[in-house]
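Naming follows writing order (A, B, C and D), and every chain is counted from residue 1.
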Amino acid sequence: MMSDHTFDGSAFNVPDPAFATRVRDIFEGQALMRTLGATLLRVAPGDVEIGFEFNADFTQQNGFLHAGVTASLVDTACGMAATTLMPAGADVLSVEFKVNLLRPAAGARFIASGRVIKPGHTLMVTHGDLWAFPQATSTDSDRVHVATMQATMIRR
Amino acid sequence: MMSDHTFDGSAFNVPDPAFATRVRDIFEGQALMRTLGATLLRVAPGDVEIGFEFNADFTQQNGFLHAGVTASLVDTACGMAATTLMPAGADVLSVEFKVNLLRPAAGARFIASGRVIKPGHTLMVTHGDLWAFPQATSTDSDRVHVATMQATMIRR
Amino acid sequence: MMSDHTFDGSAFNVPDPAFATRVRDIFEGQALMRTLGATLLRVAPGDVEIGFEFNADFTQQNGFLHAGVTASLVDTACGMAATTLMPAGADVLSVEFKVNLLRPAAGARFIASGRVIKPGHTLMVTHGDLWAFPQATSTDSDRVHVATMQATMIRR
Amino acid sequence: MMSDHTFDGSAFNVPDPAFATRVRDIFEGQALMRTLGATLLRVAPGDVEIGFEFNADFTQQNGFLHAGVTASLVDTACGMAATTLMPAGADVLSVEFKVNLLRPAAGARFIASGRVIKPGHTLMVTHGDLWAFPQATSTDSDRVHVATMQATMIRR
């Protein structure tokens, strides 16, 4: 069966060759990302990853990452993924997102991924996930699927 | 036409008479709420409001409140609303939520409201909203509807 | 506390004075609504209701209305509500919707309601509900809240 | 990068060895599926596909498949996928679903797929998609991604 979510990066139209610089500038312009200490790990066409180290300042009552922080990281990854496919000077805003919280967000570090499922001139539909790494040294084979998101972004 | 979202608080079964204390304890146990400086404004059966003062540390690239912070506040209001209807000792976790971002989250202060739409033994369906107050002195007649949420909570 | 979902119909800008005729034409152009035997009960600015009589052809394995039929009725009510606020000649498509199924969809008849929460030139955010009436003669005081929806519509 | 949605079917715990028969019985018990003329194409652990031939009785005003029919097919695929992982005698109900409509649902035939993303004793989180095949003879390489869904199912 073909996977419905893999894609060939080259299949996307990338109107701004300087997309990576633009995405990094916008990401750095998000005070929340600085406050969280989040970092951009990957900026490819329609495909962005954000890293986050566990920090007890952002937890809920059981010591897990708060669902709103999960949403913050994955929404940002989705928004940045949509931004990679926008023309120079364009920015995006979130129209809506829906997140399913699959497991408690426990771990030493996390990766939020966002990918464009359907590009468009005005709207972009994206898919995102949060992955937990139990230890700082855990590898992809140890990662745990914490949350999954569908989000719509609009060009601004 | 009857409104579909009003409710008579007395219609809810409130198994824990000390629900307000329990909710306040859980809220205070959320490090994220402390980090945000959010406060509990109202704790009634199935109906909770949270206050938040604008803080530039939690913004996105245009200086508006980040959509993930909007989600954090409204999800917490929804979770606390569900908690009011739980028995003593019970806690809730978010199963999923969906937020529509209606307008840029600009304002001097914000109120996140959460209400139980459908109580249940295991699952509770809630509705939440974020309201912006343009000035610190703005009243309810000036408030702006920034976001609306549907969220499912599960007893833990 | 002000209700967040009531609205004064006069507050909406209604650019097409013939909106009701246009909505009825579009509704009648939906073959699915004819197949379901659904009828338009109310067409007001930003506010539409659709009636549906129980029909065993559209049930799931327990004899309840199928969740997809619930979604069909409420999504259509939301789309028609958005259409009331569009200019002459304009049509809408659903961008996304999320439905929470609150109770089994059992009843003799049903009313799907859709209302515009946030109008806009391109996008409209709507809220919808499905109400079940246990008997054909049941009144609003007997109705049961079966499902609640948030939906985004786009002008076409 | 690892795909977040592929899975090894053997990784699922399948408590009922007769799951395929049980799923087929439940599917055939859904009057809506008979009314739509939908058929089960694939029943594997946590992975179900449903086929649907275009039928003008189920369209919206532009002649595309109605978004509610899209939701009906994908929700059923998700529900049946969850059912494959349930013990003998168990059934599922939809708790909630969210669908993003990516393109007009135009085609000669359609396949709705549903997969379990997170199994659980009480709740199962699923992902679904609708694929359009422009011609009856179109193959997977011609298929078009029409809609994507996240859905939560509960054991009944």
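Following the convention adopted for this analysis, a contact is a pair of C-beta atoms (placed from the backbone, for glycine too) under 8 Å apart; a residue touches a chain by one contact, two chains touch by 3 or more.
The structure displayed is predicted, hence computed values, not measured ones.
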| field | Between A-B and B-D, the pair with more C-beta contacts | value | A-B
| Greatest separation from subunit D - chain, by CA centre | B
| task | Mind checking the centre-to-centre distance between subunit B and subunit C? Centres are C-alpha means, answer in whole Å. | result | 26
| request: For subunit B and subunit D, let me know how many angstrom lie between their CA-based centres, rounded off. | output: 33
| request: Give, as an integer number of Å, the spacing between the C-alpha centres of subunit B and subunit A. | output: 24
| message | Where in subunit B do residues touch at least two different other chains? | response | 95-96, 98, 100, 125, 150, 152
| request: Between the chains shown, work out who touches whom and classify the graph as line, ring, star, complete or other. | output: complete
| In their complex, what parts of subunit B are in touch with subunit C? | 1-6, 98, 100, 102-103, 113, 117-118, 125, 127, 129, 131, 140, 143, 145, 148, 150, 152
| Once bound in the complex, which stretches of subunit C touch subunit A? | 95-96, 98, 122-123, 125, 150, 152, 154
| Can you list the residues on subunit A that touch subunit B in the complex? | 26, 29-32, 34-35, 56-62, 66-69, 71-73, 75-76, 91, 93-101, 104
